[in-house]
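Read the structure below first, then the notes.
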């Protein structure tokens, strides 16, 4: 795993940007291209940050752009989806899950909280409260020493965002990096990490398609940090092996199970 | 949720006991009946322990004995499976998952580490090392103040058990109650808890079908404790609701997204 | 540990109520008496809740009312302090810490975040942001299935409270039960649990002396729940014992250390 | 925090090596020099690993070699102590704690489990079971993707070590990287991480003074990895500031507390 670069795929369902003028006006080439540009142009802060090799993939492509071969080479996958979660094939979901368990990083964005792959890896339904009201979000940095928070201040603001509110149905995060305050009265755990298998997962709340969130410098900083953080440390396929003893076993006693349990069971019951 | 009893279902795939004389000799009525008996006869230790109402269910029954109606009434489900995980229908797995997320407790036993429901809720592949060599297991109590450990000593021993060894591919437990030492040289996190949705999950390692493990008084104590611990506190269906603001929102500024992003985007890129 | 009641001590520094008319007007007998009354009058919700035996203790008493004998009998200690943290003797702090490690529950309230005993048990400085501006606090229930949240709705509000804001310098909680929203723009992890030794700790944010917070029915419900939750499961004194082997050790090889390391060390360096 | 090197101090109480011939034979210049040599000669594996600048400090030095100035420049402190924990001054312990909370990394070794600084940061008594019987320890890698485990196999063995057994009285680790198997029948969480304030802490069990453990290549690899992992990401002094509101507060209602609580209190009590 002495890598010299990080291979990144930015996945987007890429529906809304093609159907809706207002959204296309914000993200004319799709959210995936805005994110890819942001990653290309945000200088890394961490010592030892590796250069990125960035590609994109979308729902409409063959195998959603996530063939076995392509995923095998992928170090970090970012996922944006909103209204077409159901159209993602279960085979691709399983493939992505398998790669995360082997070590690939996964960054799930905003409405991706309801993506099949996120729910599959977390095991919960990932529901929340929501509201589209152009309201202010203030993202508080709860763990300033976490690598994903590098270069941020105590908080940052987004003047207009969709509201997501607690209770967010997730397993307890390994780290809770951000908690958001919303103008309308809610709070939300906006930046959470988990480990699944050998892979790292980061969920980042902001990023509604109706707002220019992915052009925000703080949001771009978070994504650039998260890619470096999520890059694989290992690539391990777990196989549940039979394993011979490492120590000499004592001579087997006649096992309870070998002489029949009836009389003993009588003793117990 | 002011309940007066805990409704328990002990689920067993119930294959091996019918096919193999040695195993039937140990568990003539099936592992589920041995566990149900143990739960009936193990006095509760906790203050406020509730009486149990215990039923069983098996793979061969219609809907594997886990109809919607039956699960709706179930407070705690115990799960033993080994060689027929693939025969459990995905519909039933989803149904059980949904009930756990609503608040039902789930206790997964031994080879149930590879059950669909366990992997679905944890999100990992749950692989491990294993060996059948009649060897000694010593189960160390790492969190003696955990309710599941009530009444146990510093450790307990099982003279003959299947070995399970690390690395066990699980998400970090909420609590690690037991860690096992094996004669052949391995260690294993043998008693682990997680929370998923509103439900509590406990995995307990011992219980290979070829040994009389479920007649062991310490094992029975653990199961009795775990049922009380896993009983639901709530019964909540998460629905991801739209939620009106609780505070008066400020007059909307003209949103970035409403006037078009092209020129602004130019500024950024 | 088959107890039939929970012995509770409500500790209060009891300074401000005697010095300041406005505060005395709210808590004429001291915050400790308001809390003790609340605990007496709030019916328990959990199955198996035990009756409480409630006493109080204050800073000015001999040994701050926390003699060895009294603490030995105490199951759950609640702690309110604000401006006299430094006057609490280190001997009493150590005594309380020892009891928590043995199994006693500890509930730390509001400005107790800076109490010696809280910082001692958490190991951090427990700093935070704060502001006294009579502003609204909305406490969101993040883990509705946690026993401490029993009987609450999705959130509750306090019309006037002191603001506490992140970053709160605490170790990652075992469970984060509540997160608060503040009118002035901050968020705060308002209900957090930890385990230390064999004891359970709960920190609960609301409770500024200038507001009638401890007369609020939701706050009283939280405290009543927390006392039941924090009650000891065990009472164990850890002694770091030498422990003879449980397995026969192999004949000792001549140890590297017994023949001298010089030549080997040469190989390495 | 864009650093170009990591400043390391290896602290050792350095008593036993001067008093006991057998121990001096293993570590003629003291354990601190053996560890410092190991760190100098173990090539870093992580991408972005920084070069180390390594110094040592011992109990007998003025301020135990840990003056304010020296600690201010220190990025990662390693701590080995055994029989003289009580001789470490409380002032130095507080100083080290403060630096960890600001962001300095701390690596506590073996018998350092009872060091004042470790107990201060964890809040527990850190007791365990122990035995000196020259027995085999097998260290299992439970989290192979953790940076501290980089380059290790599934386990490594030490032919002769002191036994440490559970229950180890520690707060639940943020990550449990290693679990040890002992020939005599015990298990132990041998590699654990915590976060305190802005600093990272790693405890590593092996390293009894009577064995050449610090010449073992796997042990040296762990220490080299841990230093890179523990290096500070930030340097933040928490000050518990008063903080003006970020949002306009609503006009204050007449507060309950301003009109007196007597009559209301009557209603409640």
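Going by the order they are written in, the chains are A, B, C and D; count residues from 1 in each one.
By definition in this document, a residue touches a chain if its C-beta (ideal position, glycine included) is under 8 Å from a C-beta of that chain, and two chains touch if they have at least 3 such contacts.
In UniProt terms, the chains line up like this: A, B, C, D = ThuA domain-containing protein.
Please read all numbers here as calculations on a predicted model, not as lab measurements.
Participant: Hop distance check: subunit B to subunit D, minimum number of steps through touching chains?
Facilitator: When the steps are counted carefully, the minimum from subunit B to subunit D is 1.
Participant: If over half the contact pairs have to be identical by residue number, which pair among B-D, A-B or B-C is the repeat of C-D?
Facilitator: Residue-number overlap above half with C-D among B-D, A-B or B-C: A-B.
Participant: Just give me the whole-number Å value for how far the CA centre of subunit A lies from that of subunit D.
Facilitator: Their C-alpha centroids are separated by 30 Å.
Participant: What is the distance in Å between the mean C-alpha positions of subunit A and subunit B?
Facilitator: 25
Participant: Please report how many Å separate the Cα centroid of subunit A from that of subunit C, as a whole number.
Facilitator: 34
Participant: Indicate the residues of subunit D shared as contacts by at least two other chains.
Facilitator: In subunit D, 138, 143-144, 165, 167, 172, 174, 183, 185-186, 195, 246-247 touch at least two other chains.
Participant: Using the touch definition from the top, list the residues of subunit D that touch subunit A in their complex.
Facilitator: Per the stated touch rule, the residues are 1-4, 45-50, 103, 138, 143-147, 150, 174, 183, 195, 198-200, 232-234, 236, 246-247.
Participant: Provide the residue numbers of subunit C that touch subunit A in the complex, in ascending order.
Facilitator: The contact residues of subunit C facing subunit A are 138, 140-144, 154, 165-168, 172, 175-176, 179-182, 185-187, 189.
Participant: Along subunit D, where are the residues that touch subunit C in the complex?
Facilitator: 22, 25-28, 37, 41, 97, 101, 114, 120-125, 127-131, 133-136, 159-160, 163, 165, 167, 169, 171-172, 174, 183-186, 194-197, 210-212, 215, 238-247, 249-250, 252-253, 255-258, 260-262, 264-265, 268-269
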